[in-house]
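Order as written gives the chain letters A, B, C and D; numbering starts at 1 within each chain.
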Amino acid sequence: MSNVSKIGDRVHRKEDRRFLTGTGRYVDDLQLSRCTHAHFLRSPHAHARIKGIDTSKAAASAGVVAVFTGKDTADAKVGGLICGWVVKDKHGVPHKAPGHPAIALDTVRHVGDTVAMVIADTAANARDAADKIEVDYEVLPAIVDLTKALSAGAPQVHSDVPGNLCYDWELGDKAAVDAAFAKAAHVTKIDVVNNRLIPNAMEPRAAAAEYDRGTGNYTLHTTSQNPHVTRLVLSAFVLGIPEHKLRVIAPDVGGGFGSKIFIYAEETLCVWAAGKVGRSIKWTADRSESFMTDAHGRDHVTHAEIAMDKDGKFTGFRIDTIANMGAYLSTFATAVPTYLYGTLLAGQYTTPAIHVNVRAAFTHTTPVDAYRGAGRPEATYLVESIVSKAAREIGVDPAELRKRNFIAPTAFPYQTPVALTYDSGNYVPIIDEAMKLSDYAGFGARQSAAKAKGKLRGIGISSYIEACGLAPSAVVGSLGAGVGQWESAQLRFNPTGNVQVLTGSHSHGQGHETTFAQIVSDKLGVPMDQIEVVHGDTSQVPFGMGTYGSRSLAVGGSAIMKAADKIIAKGKKIAAHLMEAAEADIVFENGTFKVSGTDKNVPLAQAVFAAYVPHNYPIDKVEPGMDENAFYDPSNFTYPSGTQICEVEIDPDTGVVEIVHFVAVDDFGNIVNPMVVEGQVHGGIAQGVGQALMEAAAYDNATGQLLSGSYMDYTMPRADDLPSFTLGYKTTPCPHNPLGVKGCGEAGAIAAPAAVMNAVRDALAQVGAQDRIEMPATPQRVWAAINAR
Amino acid sequence: MEFKGEYRIAAPQQKVWEALNDPVILQACIPGCETLEKTADNELKAQVRMRIGPVSAKFGGKVTLSDIDAPNGYRISGEGQGGPAGFAKGGAVVTLRTDGAETILNYVADAQVGGKIAQVGARLIDGTAKKLADEFFGKFAEVVGTPEVVEQSSVAAATSASAPSVPPTDFAKRGLQHWMVIGAGALILIVAWLSMR
Amino acid sequence: MYDFAYHKPKSVADAAAAVKKASDGKLMSGGMTLIPTLKQRLAHPSDVVDLAGVSDLVGIKVDATGVTIGAMTKHADVASSADVARAIPALAALAGGIGDRQVRNRGTIGGSVANNDPAADYPAALVALGATVTTNERKIAAEDFFKGMFETALKDGEIVTSVSFPTATKAAYMKFPNPASRYAMVGVFVAQTASGPRVAVTGAGPAVFRVKAMEEALAKSWSADAVANVKVPAEGLNSDIHASAEYRAHLVTVMAKRAVAAAG
Amino acid sequence: MTISVSMTVNGKAASGNVEARTLLVQFLREHMGLTGTHVGCDTSQCGACVVDVDGASAKSCTILAVQAEGAKVTTIEGLAESAEKLHPMQEAFREHHGLQCGFCTPGMVMSAIDLVKRNNYQVTEDIVRHGLEGNICRCTGYHNIVKAIVAGAASMKAAGV
């Protein structure tokens, strides 16, 4: 692989060899010396008062090192888990932030809430001991039904949050929207439920904490998407360990999809307890725990109305949403249904007046936070569902109605009525390409053929916009974020010319080790096998913000570009000295510094060597060494867009929905590695299809029990549930980052639910059942919709 | 999950009421019931060793009687703890009324399970309830005799292959009859059993 | 999982003795249900008696009258047996659709029938084909064997040694899987047997059951149309988050129709 | 109850003392240090733990170590001929980007090899999709896994493995 790669090449992944040979190193693979094992006792109740806990039998159980309860952590002044984004309500009042102790003190608030921690010499002994803890619960009424959580008389989740209302937030010009509706030629109304999802990264969360008594240093190996943020939160808010005494390492991580952004009780407790017992502690969730305690995603109920003029141009859009926070606020929970949702409700359209009201509610359920797409799938599902419904109501083809309302390519930068300024895009060619790839024109014939064999065929369109590449720190700060949103990079050349690329982003499947290397290879002309990408260790890598919100390439990649520019600038000074030329005459091409207009040249490796062995070196002008840092803070979000078209066939006898064709055409800006991008789109679509057709966290409304708590009842998409996908691209480069990239990680999951459901509704329209179906459109639900009287 | 039913019992109301309150009869009818004892006027304690398929565990249950209106009925509620398997709890309002020489028993019961059993065994919760109802019935039929069903409810019993010619509705009737026997305290034990899957 | 004493006897008699001797003994064949149950700590047996050491429980015999399958024969081996495929193709197809490939590579017919999970596939075949279960003590007709949810005619220490299926002139099995677990949400096995048509349903109720009305309709006319209008009452059928009793009842008819069509 | 077990793992004799309750996957990971075999669920559905036991794929989270007494077990670590030369199926996954986070990958590759062999090296997209019923991947949407296995079948046949 001693080749130089270019941006845009389909380069095979550098990380694959270790994953394919079983030599990846995930947290649970670590073997720590004298390691103990933690097990957490979980609440079986959705809401109960803890009247007493007797841990004496557990403490006496074989191999037990320690048993901790909420009292122990409170006595030790362990801080509560925090929410890092302050949302101010429509009156400017910050959201309600009830306490979230790592171990419940006197009340448990969801099934799976942590009640006690047992540490023993083996995992089995820890679990045996946990079985012996006796908890005296006084079971209290629970509220899990989101539509009732804000009603008078609903059980209260927190005594200091009256009516379970976390915040009542709005965005947009209500008066302008009301005026638009007053003049509307047609109004389309819709009620949608955005079903609660459980992320289910295949690697369960895990933590392995070490404490060095000699130095007082802590090390946490954990399944994190953002180890520096974990360190920051644990140090500054929860445990009070000085930041420089806590090292957080996120090694190979088996998928995250948002669920591994957050700072959870278990990881926190392992660090704290390692110090307390003076031994290493390891904990790996079993899948049951993942179901109960990984932050869930989505979970909205919405009523919306869109106003149109006589030509089908959207004139006003009003949205009323209730969003579920779960029992406690997870790390970024508050931002998801507000700044990642409300601001995206313009979609790709010129709708001039939009007003959204979001009320966030506490319930006795697992906390809800960002899951692949985070807010944007909810917005897209709503916008694209109501647009297709409007098209049916006014008798216009849904593709045509979309085109009529698209923002024109000449209108960028485009200011929406919901705060964002879209930077670039060109939507018509995208939908045209998607229509071509899906043979949209030929659908009628296929629908007739299906009908002849007793099947219902439908086609659905979803044209999404997302705001990603999170984001300008000044903007997110003004909106309440507790952290900056830049990214860091360091290019650390070694004297022999190879380079380590240290990034504050974190790869847990996205392929950074390859794409980031490609950027460096392209930019600096260094062969791929001379480049190593390092991430995930707070003591190796400069402070970084991690990976979420499709930000790694747009922000982290741009930081790498910036660091590379610094390398080139420094290299020019060295090369000018070595070639006895003026710095202004030096150009850098294909990994070599040249004196412009001559054949004199110095390869980068030679400049690097000179920097480390500065015997002949401009030491008065340039420092030795070749090691540059950069921090990049973008000037705007990036705005990937695209259109997906899904075609389904429904068997009315059983209600089974088969996806017969799925097309996605995206504008991700410039593409570094098409192979990796396609993989991201495939995976996103699968999760979106999962939401549309099969996945749902089911709680028993009366008891708050999680009924879909294993793969026996939570339907994960499998290979035979999905087709192969047809992908296409149209590119408008991002105008404000050096790579011209927009981000691709979430697009599939954002657009797919609406594409699938619009297709399902289109199919069901043949029997008048199009308004009787909600996600997930399971066979039972589809059958019931068809047969409803 | 909610059950309700109405039964005609060929016994005077006072006798049925006494049966509803007789731990000896109840223990005899509950398979796997190792102990059932009165701990106070309105409280019973039970230990049940229960097996369903591969599942086998010991449950401890506590039963409370309230709203007592002898001999017309009461509310019974309670819960069983199955250790790491989770818990089960439930309640029933039982009412009796005389009809000639016989007694009409009505009940409205609800049962809930939680913890591991609810999380991994959702598909079997209802079925287990039905199975347990059947087991109670068989046992009680031996002990007390064969009462007559006047009306069906949502509870139905197993449609067993061993008697394929009997339509499901007949099984449903048989299943329902159990509840008369199970009456009060036993319901909670059933619930405790449910919690095993 | 709680720990237990492990035994691997070499004969059925030793296995029966070992499980009887234990205070709370459990037989294990493929372990595909038992091990997950133990992992969830939903059982705490004192002893586990592994039948894998009893070699004469494995094998498939086919003759003119039918197919006899040893209790420890794996689903994958039934599915891939050319002899079974020739004698009762529907049986091979059913075995090939149990669980997933890895479950079929370990799970056994004896374990499946002895466990009698309400959503297991094999019981439908046994009942529809009129199979006989042979144990170390006796022979039991399939209909007498499956008693209810997870309940069989087996007594303590009684061990299934083989299952014998008579051939049928026509037979097919159609399964509608639970979308999450892939267990049968409804499975219908239809067979034209020497004693007439038989329709057995799994997954829908607490245990496998026959649908007399469909059998009578098929006796008059063996065709998909004959069962298409036979409705099964929803009362008494299973209900969960994936399928109400009504939906299951409906699926019984749909799957029966398809099974008859597939049987030809 | 401690029991001594012996088996052949990746062609080498392996033995150890385990509890009766020790699962094969625990034996492989904790006793042998072969951490390529993963555990992704507790209900035997995800397939991250698939290994080959005596020529058939099996979920090592649903087998007791004592059940594998005397067995020949092959794990993901036993496939590649050398550090440089991957098994054709591993190579196909790499070539077709059939993996992202890598966690399900070992089980997926082990299932794929079994699937290909059982279908006599003749697999179609449809056969592969249905044949992966016991394996869950959350990253790839399966598209590239399916492509990889179809291609891997051809290279396995060509390589005679």
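FYI, a residue touches a chain if its C-beta (ideal position, glycine included) is under 8 Å from a C-beta of that chain, and two chains touch if they have at least 3 such contacts.
None of the values given here were measured: they were computed from a predicted structure.
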| Closest chain to the protein CA centroid? | A
| query | Higher C-beta contact count, A-B or B-C? | reply | B-C
| request: Between chain B and chain D, tell me the centre distance in angstrom, where each centre is the average of that chain's C-alpha atoms. | output: 47
| Using CA atom averages as chain centres, what separation in Å is found between chain C and chain D? | 28
| request: Send over the residues of chain B in touch with two or more other chains. | output: 83-84, 116, 120, 122-123
| message | Which positions in chain D are in touch with at least two other chains? | response | 19, 21, 42-43, 45, 133
| query | In chain A, what residues contact two or more other chains? | reply | 124, 131, 288, 698, 707-708, 710-713, 716
| Got a list of which chains touch which? | A-B, A-C, A-D, B-C, C-D
| Where on chain B is chain C touching in the complex? | 52-57, 83-85, 116-117, 120, 122-128, 130-131, 134, 152, 156-162, 164-165, 167-169, 171-172, 175, 196-197
| remark: Note: in the complex, chain A contacts chain B through residues 42, 44-45, 111, 130-131, 139, 288, 291-292, 698, 700, 702-703, 705-710, 712-713
| query | For the complex, which residues does chain C have touching chain B? | reply | 24, 26, 33-34, 37, 40-45, 115-119, 123, 127, 142-151, 178, 181, 183, 200, 205-210, 212, 232-233, 235-242
| note | So, in the complex, the side of chain A touching chain C is made of residues 124, 127-128, 131, 288, 653-655, 694, 698, 707-708, 711-716, 778-780, 783-784
| said: List the residues on chain B that touch chain A in their complex, please. | reply: 83-84, 86-87, 89, 110, 112-116, 118-123
